[in-house]
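What follows is a set of structures for review.
Across the two complexes that follow, chain A remains constant while its partner is chain B and subsequently chain C.
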Partner chain A sequence: MRASLSLRAGLLSIAILAALIGIWHVATLPTAGAAGNVDPEYAALVSGAAAEGQKSAFPTPADVGATLWKHIKDPFYVRGANDQGVGIQLAYSLGRVLVGYGLAALVAIPLGFLIGMSPLTYRALDPFIQILKPISPLAWMPLALYTIKDSGISAIFVIFICSLWPMLINTAFGVASVRKEWLNVAATLEVGPLRKAFMVILPAAAPTIMTGMRISIGIAWLVIVAAEMLVGGTGIGYFVWNEWNNLSIGNILTAILLIGLVGMILDVALARAARLVAYRE
Partner chain B sequence: MTAFKDPFDARHRLTPGCSCGRHASQAEHAADPASADDRSKRVVESAVMRALFPQDATRRAFLAAVGAGTAIAAVNALFPLATATEVFAQGLPVEKKDLKVGFIPITCATPIIMAKPMGFYEKQGLNVEVVKTAGWAVIRDKAINKEYDAAHMLSPMPLAISMGVGSNPIPWTMPAVENINGQAITLAVKHKDKRDPKDWKGMKFAVPFDYSMHNYLLRYYLAEAGIDPDRDVQIRAVPPPEMVANLRADNIDGFLAPDPVNQRAVYDGVGFIHLLSKEIWDGHPCCAFSASKQFVTEMPGTYQALLKAIIEATAFAQKPENRKQIAEAIAPTNYLNQPQTVVEQVLTGTFADGLGKVMKDPNRIAFDPFPYESFAVWILTQMKRWGQIKGDVDYQKVAKDVFLATDATKLMAEAGLTAPTATTKTFSVMGKPFDPAKPAEYVESFAIKRT
Partner chain C sequence: MTKPLISIEALARRYPAPGGTETTVFENVWLPIAKGEFVCLIGHSGCGKTTILNVLAGLDQPSAGVVIVDGREISGPSLDRAVIFQGHSLLPWMSVMGNIAFAVTSRHPDWPKDKVRAHCQKYIDVVHLTGSEHKKPAELSGGMKQRVGIARALAIEPKMLLMDEPFSALDALTRGSLQDEVRRICTETEQTVFMITHDVDEAMLLADKIVLMTNGPGAKIAEIVENTLPKDRRRTDIHKHDSYYALRNHLLDFLVTRSKTFASEIAGKSYDPRRPPLVRPGETAAAAPPEIAPARAASA
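Take a look at the complex of A and B:
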């Protein structure tokens, strides 16, 4: 009997994971000590690898697993302002992303509507959008710190500016490409402009708008880590920076894994929402 | 003398004569046995007597005429000395209890950091949150934006901020130095046979910040060996926490960095310690405790309490027997986030050099809060030498405005420390003497410069 496709895909995923961890394990096996004649007083002052004349090694999968378990077991501890559990850090980052992203949506969707409905504004604003769109959001950071004078709000501003463009462009595009027939029907029935916007254009453009929102949340989550590494204080980006400071690869890998997991959850949530507004022609 | 001697004694003058203004001579200042309580009592009594008798001769005549006992009774009737003494001993009222102080996770910040877990802030009635910060530019911006009430900075930074070099000019002050010495030149292990700086052409070095002692010391060291730091090598600013990672990845060949970065490079087998910074200039300042002039003038009580906590912590850190305990307090994740042995090696001065030897130098790092104005003048000469500041510089004025030597003197005395007599001192860097009275000539005397 042949197993279903999803079962086989699942088995293959597990096999790939096992192979990757296996390669990692073999690659990080401790090499035999080169020199046994190290002064014990000296050896006590440096790490094990350095005592043998080597650079300290990459952690093994077992080390990283133990670190990961340690963080998952106790995610919400607070040991002073600069040492808080990984769960709290993720919550800080998520909070910043949601505020910045929410503000961007509030600006981008109405503005996108306007641009999409009027070819004149579309043309007039196009050069600005084209120039501003490709700027790395982190390049705004020094400017934001200088003008806003608050690092927390600056981080939110950076999220705002990076999630703005995909939503704006997609909304404008979605609104501009509503099928002419539908608009004509609306005109024939003498539908008012507000009613036309909400009953005809919005439902028609909704899937495109949702695509823009989905792209934006992905970008916002990518950027928050970098922004927090830059300003520090709190958040998962600060956690990564703080452990980089300590050259603790195990902790950094843990954070990377969690960042990926949260990013996936955000993406899946918006994909679900997109399905709600989808329609068949 | 003055303040600690009996002002009701006709034989004494009430005019100041020593560095703290309370003793006739420096010797008397140093030998002052009075307890803190007695001292503040005398200070208040003297102040009252000075106010009552602006002319010292009148006071002496008055005392000689009526006798000390009658005089005390008479003055007490006019002025409640006991209450005044009490108020003075408590210091100015603290305007703001909850403070934020930013720091960079390096051992230079030891007094600022340890004052939190070891209760020095609490002792002054302050609730301070010490906030770890990602880099010097960020700490500068957060301090300027008033997110921090005070901050750990590199000692050239307050000068640069005040003069508007690399940022808007904002009056900034540096009431205390954190540490002296405590930096090192670390090279990648592959350069272990290139110990002569003359062979370093084409190498890439990192320093923590453009406006740092590290930058000026490295440039000085290279220039003395005939290497032009702008043309023959590359020097880039890399935040301290990222230096070891960069050295490991071969992005740089070495760095002049604060600890524990140097020791961490040794700990991980990535680099070796080529030279401690004390061998370039023994006793050089490095990091500083700084605050905006606005904070100092608007909240004098808070500022005084904060500075007192820092100075007391600095005095505690200076004692070798306390160093292990401090390493234990500041190594955890909340503060430096380093293995304890690394911090301990830095603070105790018994350390692995990265080439298989154990070195012992108890003066590897030392703590001395006194912000000598001549330090500021030297820093300014180097800023001028490397073209960071252009045009004429009023060295002495900037130094005096930013390095608050007088405040430190006063508070050091109150903390029971001996403050130096002069606010400037001469020293030599790599054997070349520096005269703070002739900064312009000093800049001219270098062969390699950008003026």
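Take a look at the complex of A and C:
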């Protein structure tokens, strides 16, 4: 029953994919009469061929497939600063995300631990966290550029800021809501503070902390694209922006697909890690 | 009279009540517990039994009074007083072995790993959980979890065991066999035990002394009932002893009526909370007719 359900779901997924590609294909077929309808300003912007209406400006699935294949075949080429393989761009973005996210984890988890252990600091810091949390991380960008004066580090800082809050809040919450019974067990066994922190509180709060880490990596990956569009230079966000300037919709679509894939891989990796620390009560 | 191992003196617990007043859950509770004694505390819900146990464990502070152990006032939890919690309180991310080893390494931080393992294994065998060492608590039945809690408490070889309704969440069959195990272990090791229960039969099987608490607010120890059943009593033949019905009726009578009316009962009489009356049902009144009130009717 279960197997047949996942089989049917898989078949349905493939059918939906085929339908979407089919619609896309039909929608982007060359249209003869389209020339007259093209806005002249737009026609000036896009390439001549598209404006003539021989072929839609939007690439067909086959075009995108070819572009995708071209990128996958040679992801790491470097032909000058503005023409690097999509693999290299993804690696830049991933590097920034991992550094910013890693730093945020290094700060948020110990800090959240301390906040969660002390009801006083929990309450005292709560208003700050509540106000800082909803700020779009990109709003920090000008400030970061002004103070840090380095676009690469500014991008990392923005990732740091946006990954910080979910991990901080979840760690503090997880630590603060460790079951009283478990703390009582530690107390009656006269367990020292460090041993209690690592043997009781950390494992008890670990699933909540992992949830925060998973939310954070998702947000960080969302934000890096926007941040790189702003700071430019390298990265998949910059690649998308650059291809928009080149009006290479095929490249943009390829990048979008890859951004989705990488985001999914990051999420799955953290979900796996979360399963390692999960426990059933 | 030997010096008690642990002595509860003038214990009280008060909470602020609306209107600036205070409600007194219990007050002036005095109770000595001798070494090797099995003491059961019986009383209605809310009279403060768990609070007393938590104070004994060092997990809670009383509003007044002290608990003296070895001549000194207790200031916090101690490995000398192991607690078997009502909700078993196992750490769910650790295996059976891990939970017990956590307790053992807390008591003996200097022990090498294999010594800890061997020690844990001994107590796992005692509670008949051999073969389940590597299961997580979620993979155990309720009775098995409770047994792990018992093994964890016993494994640290405490001077005193504190148990808060340890068997109340179990089915009758499991409860019976666990009671037998606890009784066997405690008599063999001459363990000092303080246990809370709602179950009169459990108290009669296990306890040397049964402490009766009146209803709250303002609960107090009404009397201390000495178990008049022979030491070698067993669950299967306990009801055949002469004083069984006298003892059982005395306890039930207290729970059903006297726990409510105790204040009027002592009105005008001399009642010293420091020395609550010690009664031995079935012995002083040797002529008590043993056939009165069958157990079922009495508990109804």
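Side notes on the structure shown:
Assume the second predicted complex is superposed on the first by the 254 of 281 C-alpha atoms of A that agree within 3 Å, B and C clash if a C-alpha of one lies under 4 Å from a C-alpha of the other, contacts with A are read in each partner's own complex, and residues count from 1 in each chain.
Note that a contact is a pair of C-beta atoms (placed from the backbone, for glycine too) under 8 Å apart; a residue touches a chain by one contact, two chains touch by 3 or more.
Predicted model, so just to flag it, every value in this text is computed and none were measured.
Between chain B and chain C, B contacts the larger number of chain A residues.
In the superposition on chain A, no contact is made by A:Ser177 with either chain B or chain C.
Within the superposed three-chain model, A:Met199 lies in touch with chain C and out of touch with chain B [touch as defined at top]. Once the two complexes are laid over each other on the shared chain, residue contacts for A:Gln130 go to neither chain B nor chain C. Judged by the touch definition given at the top, the superposed model places A:Tyr279 against chain C, while chain B stays out of reach. Contact with chain C, but none with chain B, is seen for A:Thr188 once the two complexes are overlaid on the shared chain.
For chain A in complex with chain B, the residues that touch the partner chain are 38-39, 41-42, 44-47, 49-50, 53-56, 79-83, 142, 145-146, 149-151, 229-233, 238, 241-247. Residue ranges on chain B touching chain A, taken from their complex, read 105, 129-134, 137-138, 141-142, 144-147, 241-242, 244-245, 248, 264, 266-270, 332-335, 337-339, 341, 345, 351-352, 354, 356-358. Across the interface of their complex, chain A is touched by residues 57-59, 76-79, 81-83, 85, 87, 89, 91-93, 102-103, 106-107, 136-138, 156 of chain C. Residues of chain A that touch chain C in their complex: 181-182, 184-185, 187-191, 195, 199-200, 203-204, 206, 277, 279-281.
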